[in-house]
Structures are given as C-alpha cells and as structure tokens.
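Quick heads-up: structures coming right below.
Paired with chain B in one complex and with chain C in the other, chain A is shared by the two complexes that follow.
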Partner chain A sequence: MSFSSIPASFRDLVLVVDGAATGGVNGAILRFNGDTGSNYTGVDAQGTGSSTGSGTSSGTSAEIGVAGTDRFVITSQIMDYSATDKHKTFLSRHSSAGDRVRMTASRWANTGAINTVLFSITGNSYIAGTTVSLYGIAS
Partner chain B sequence: MTMTLIETKTLGTAAASIEFTSIPQDGTDLVVLMSLREAGGSEADGIQMRFNSSSTGYSFRRLFGAGSGSPTSDTGGAILWMNSNTSTSNTFANASVYIPNYAGSTNKSFSNDGVSENNATTAYQAIVAGLWSNTEAISSISFANPSARNLVAGSTISLYKITKGSSGGVVVS
Partner chain C sequence: MIRSMIRSTINNEQWYKSMRAGNVAGDYELIESYILGSSQASVVFSNLGDYSSTYKHLQVRMVARSAKADTFDALRFRFNADTGNNYARHFLWGNGSGVESAGAASNNRGYLGFVDGNNATSSVYSPTIIDILDPYSTTKNKTVRALSGIRNQTQTYVGLFSSLWMNTGSVTSLLLETDSVANFMAGSRFSLYGIKG
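The block that comes next holds the complex of A and B.
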C-alpha cells in the first residue's frame, strides 16, 4: 500500500495497520519516497509471550514488525516528516496477541521531506479486510 | 485525522470500576488515556479492560520490566499495572490503549503502553498486544481491578475517537 503526494502541511504522520498476512512470517516494512538504498536502520525489542529479545537492522527498508497470519495492529509515528534539515526518525509498535509484541525505533538517513510512504508485507499479501491508514498530526 | 474527546471520567470518590457506554459509532479508531491508582494491593496489580460487558475472547502478549532484572514476556491479561497504596504518595500509573476499527465487523486488535510510577526500585513498564476475538462493534468499555479493589478518587480515564478526514490530495495505491 502506497500513499503518495503527501502534503507537507502537518507536523507528524501516523500509520495504522490493522489486519493479518495470508501466510508465513513476513517482515512488515516501510519505505519512503521510493528510496531503495541502504538508508534504513532500526533497533527493536520484543516479547513473544515466552521469550524476550532485542536486535538491530539495516537495509533497503525499515522493518517495523513481523506480520503473520495472527491478527495484528501496527502503528508508526513519523516525526517531522516534512523537515529538510534532519534524518527522519519514527517509532513503531507491532502488537499481535497471537504472536508477539514489539517496539522499534528507526531512522531513514535522508533529509528530504517525505512525500510517499510505502507499507508492505514482504513475500506475502494482506488478508481481505486489512486496513492501512495514514493520518497527519497538525502542528 | 481528527481526535475528538468523547468523554472523561474522573472519580470524585473511590469506586470499583470506570465504564464508558453508548460509544458513538461514527469514529474510525479509539484512544484511551488513563491515570489510575488503586486502594490497596501491590505494584503488581493490574486493571482489566472489557468490551461490551464480555468476559471472554481475550488474548494477550506482554513485554514488561519491573525496575530490576531482565524484562519478561508472558500472556497475562492485565493491561496496566497500577499504583497502589504501597507506592509513592500521590502518584498515579499512566497508560494508553489504541483500538483500530472499533466499529467494524472484524475481531478487535488493540495496542497498550503503560507505566506505574514509584519513587523506588519496583515500578512497571509494559507494552501489550491484545485481541478480542469478537466481531461486534465496540459500544462500551469498562475498566476494573480483577481483585475487586477500588480505584481511588482522582483516577481518570479519557476516551477519544479518531476520525478519518479527507484524503487531502494524498494518492493511495
């Protein structure tokens, strides 16, 4: 799901995903302005209900959750998305009562204003009824 | 996006629960913000959230820390550890809950963040994933301690609805 032509008139963006994947255990990722360079980094902590863990990531997209067939909600708040003097940081929460709970802090190493947000589940699809919403928070 | 206060409830005297009923069905998502303290118990007590008076169909995954030692993950059902009479005076726990598509016809996922406040080593911070396996639209939400201990006066819960605005020119594909 891609949101493009995002106006620069808000302060922050909030992405909310409610649904599930059709199969497998897939990365739920964000990508901005079509940037497929290795410009995304993150650190996360998670609990599976029986174990805890923490990790880091870097690559061509920002992994903000692990989407499986268990229903989940993902929220991601992208601060100062239209600023042109800073890299973009965003805080994400992935909540799946049947799988795990996870928090991720991420950075897109680019000072450009965000005008396109791509949310994707790698290697799989959303189930019917999945909603992906993008909100703007006013200054 | 518009975030609109539906109602704030603040206890003038201690009470066993706080409940919101007749929730308007014209929003997209719900946000609950809480500031709570209980009369008695310990730092490990929690508060339960129930939709439409239903006590079944709930599942959870939690990640929490207690101020010392390693974090823990379990499938417990409290959404917030509350401050109790054993915690620092005049301090209240804080929590938020985000419930997307509350008026829709799918099972209801929700996300919770919470922290108890205490001027001591033991204080809890948790993130919780929840699911209510019920396709009913949410029309009421109640909060109560599962051990039936009262919430103290000054405990406050605010319920907001988030409503989608116009696309603002954003193209979706």
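The block that comes next holds the complex of A and C.
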C-alpha cells in the first residue's frame, strides 16, 4: 500500500495499520520516496508475554512491527516528514494480543521531504479488511 | 487539528473512508510551536494556564539535538518552575540487546526521553512524544508519559517514560531542557497540542 503525492502542509504524519497477514510472522515495513537503498536503521523493544527482547536493524526498509495471522495494530509517528534539514525519524508501536507488544525507533538517513510512504508485509499479503490510514498533524 | 489526509481500506480492492482513529475534527489542536533558529538553553511553554478552560490533556511532539559533545543526552522537564524534590520517574527501554527498567523517587526534575548529542550523525534529531494527562486538575498529582527513541551511529534506545509531579496544583508552565544542561541545537522543534475532553 503506497501513499503518494503527500503534501508538505503538515508537521508530522501518523500511519495506522489495523489488520493481519495471510501467514507467517514477518516484518511490517516502511519505505519512503521509493528508496530501496540501505538507508534505514532502527532499534526495537518487545515483550511476548513470556519474554522480552531488544534488537537493532539496518537495511533497505524500516521494520516497524511484525505481521502474522494474529490481528495487529501498528501506529507509526513520522516526525518532521517535510523538513529538508533532518534525517527522518519515526516512533512506532505494535500491538497484537495474540503475539506481542513492541516499540520501535527508526531513522531514514535522508534529508529530503517525504512525499511517498509505502507500507508492506515482507513475504506475505494482507488479509481482506486490513486498513492502512495516513493522518496529518497540523503544522 | 488532526486531519485525515489520505484514507484507504483494503477489502477486495474496494476503498472506504477510515474511522479517523477515534478523533473528531477540532478535538486535537495545535497551540504553539517552536523551531529553534539558533541554539537555546531550554524551551518553556509558559502560558499553559491560558488553555485550562479549553483542553483536558496536552501533548508535546518534538525532535531535538543537544550541543553536548557526545552522541547521547537525555531530556528532562519541570512544571511551574518547581525545583523541589517533587518528581518521581520510571522507564522501560530497549537498548538494542536487552530490555531494562528502572525508576527513581524524590528528584528535582522528571525525565522524558533521549536527545542526540552533537557528536551524533549530522542532521539527526531524536523524536519524543509527550502526553501530559489532566494538567489542570486541582485534585490530582500530575502524571506524564512519553515515547522516545535515539538511533545514531552508536546510541540505540527506544523507551517508554513515565514521570510524576507530586503536586495537585494546575500546571501553568513546562520547562524542557537537556540533562547535561547543554543547549538544544538549531533545528530542534517543539510543538504543543491540546486535546479536548
């Protein structure tokens, strides 16, 4: 799911995903402006109900949660998305009662304004009824 | 005001409006915003009392970088210029290899998150979102929660913070500063939003 031609008239963006994947437990990812370079880094912390963990990531997309067959909600706060003097940072919360709760801080190492947001699930599809919504926070 | 800019639902390729995440237009409004044109020691929202009849809760959305010659700094706050030992705090964070939690009581300030130091990768500003709950109540001690992260070349943290101000007075001002007391760097941004109740 890609949102394109995003106007620069807001201060922050909020992406809300409510749904599930057709199988597996794989990364729920973001990419900006079609950038497939290794320009995304992140750090996460999570609890599964029986254990906790934290890890770092770097690669060609930002993992903001994980998507499996259990229904999940992910909210990602994309800060200062239209600034041209900052790398883009975003804070994400993932909640899935059947799987885990997780938070992630991510960075896109690019000072360009974001005009396209791609949300995807690695290796799987969304189930029908999944909603992906993008909101703007007033500037 | 939060506005839904682009809305979509995937349902056999039919598209629907979203549910606006429960917000009604006008319930969430920008009050004031600072984008620093030059470095500055602290940021103070000093007229919070003016909004007491309009809003139930407040939210600060910010990205910040410290002048500290390091890759890491922390964010702290005070209400109503109170420098007494009237603050308590807890945090839960992931550091990239494990999850940690700790707390402290009877401090003279509260803590809210992480700030990139000036030795961090250039153009990087740490994000923090702060919720101030019931700031105008005169019967409750004040609670604050925040989600914050830092991901530069050496620092990897994401965490939840909660702070308590042991005072039932209405909040009239909020001071934000770095823990090192170094300046916030130019480009740091602090936006205050009001949430109606």
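Definition applied: the second predicted complex is superposed on the first by the 139 of 139 C-alpha atoms of A that agree within 3 Å, B and C clash if a C-alpha of one lies under 4 Å from a C-alpha of the other, contacts with A are read in each partner's own complex, and residues count from 1 in each chain.
Convention: a contact is a pair of C-beta atoms (placed from the backbone, for glycine too) under 8 Å apart; a residue touches a chain by one contact, two chains touch by 3 or more.
Computed from a predicted model, the values in this text were never measured in an experiment.
S.K.: Touch check for A:R71: first (chain B), second (chain C), both, or neither?
M.R.: First partner only.
S.K.: By residue count, is chain A touched more by chain B or by chain C?
M.R.: Of the two chains, more chain A residues are contacted by C.
S.K.: After lining up the shared chain so the two structures overlap, which partner does A:I137 touch, if you call chain B first and chain C second: first, second, both or neither?
M.R.: After superposing on A, A:I137 lies in contact with both chain B and chain C.
S.K.: Just to be sure I read the superposition right, which of the two partners does A:T104 touch: chain B = first, chain C = second, or both, or neither?
M.R.: Only chain C is touched by A:T104; chain B is not.
S.K.: Looking at the overlay, does A:M79 come into contact with chain B only (first), chain C only (second), both, or neither?
M.R.: second
S.K.: With both complexes overlaid on chain A, does A:G49 touch chain B (first), chain C (second), both or neither?
M.R.: After superposition on chain A, A:G49 lies in contact with chain B alone.
S.K.: I'd like to know which partner A:V16 touches here: chain B for first, chain C for second, both or neither.
M.R.: After superposing on A, A:V16 lies in contact with both chain B and chain C.
S.K.: Counting only touches as set out at the top, which of chain B and chain C does A:L91 meet: first, second, both, neither?
M.R.: A:L91: touches chain C, not chain B.
S.K.: What is the shared patch of chain A, the residues that chain B and chain C both contact?
M.R.: Correct list for chain A: 1, 3, 6-7, 14, 16, 45-47, 52, 93, 103, 129, 131, 133-137.
S.K.: For a test of understanding, state which residues of chain B touch chain A in their complex under the given definition.
M.R.: Per the stated touch rule, the residues are 1, 28-29, 59-64, 70-75, 98, 100-101, 106-107, 109-113, 127-131, 162, 164, 168-173.
S.K.: Would you pull the chain A residues touching chain C in the complex into a rising list?
M.R.: Going by the criterion above, the answer is residues 1, 3, 6-7, 10-12, 14, 16, 19, 41-47, 52-56, 77, 79-80, 83, 85-87, 89-91, 93, 103-107, 109, 111, 126, 128-139.
S.K.: With touch defined as at the start, can you tell me which chain C residues reach chain A in the complex?
M.R.: Of all residues in chain C, those touching chain A are 1-12, 18-21, 29-30, 33, 61, 63, 92-99, 121, 123-127, 129, 147-152, 156-160, 187, 189, 191, 193.
S.K.: In the complex formed with chain B, which residues of chain A make contact?
M.R.: It comes out as residues 1-7, 9, 14, 16, 18, 45-52, 71-73, 75, 93-103, 129, 131, 133-137.
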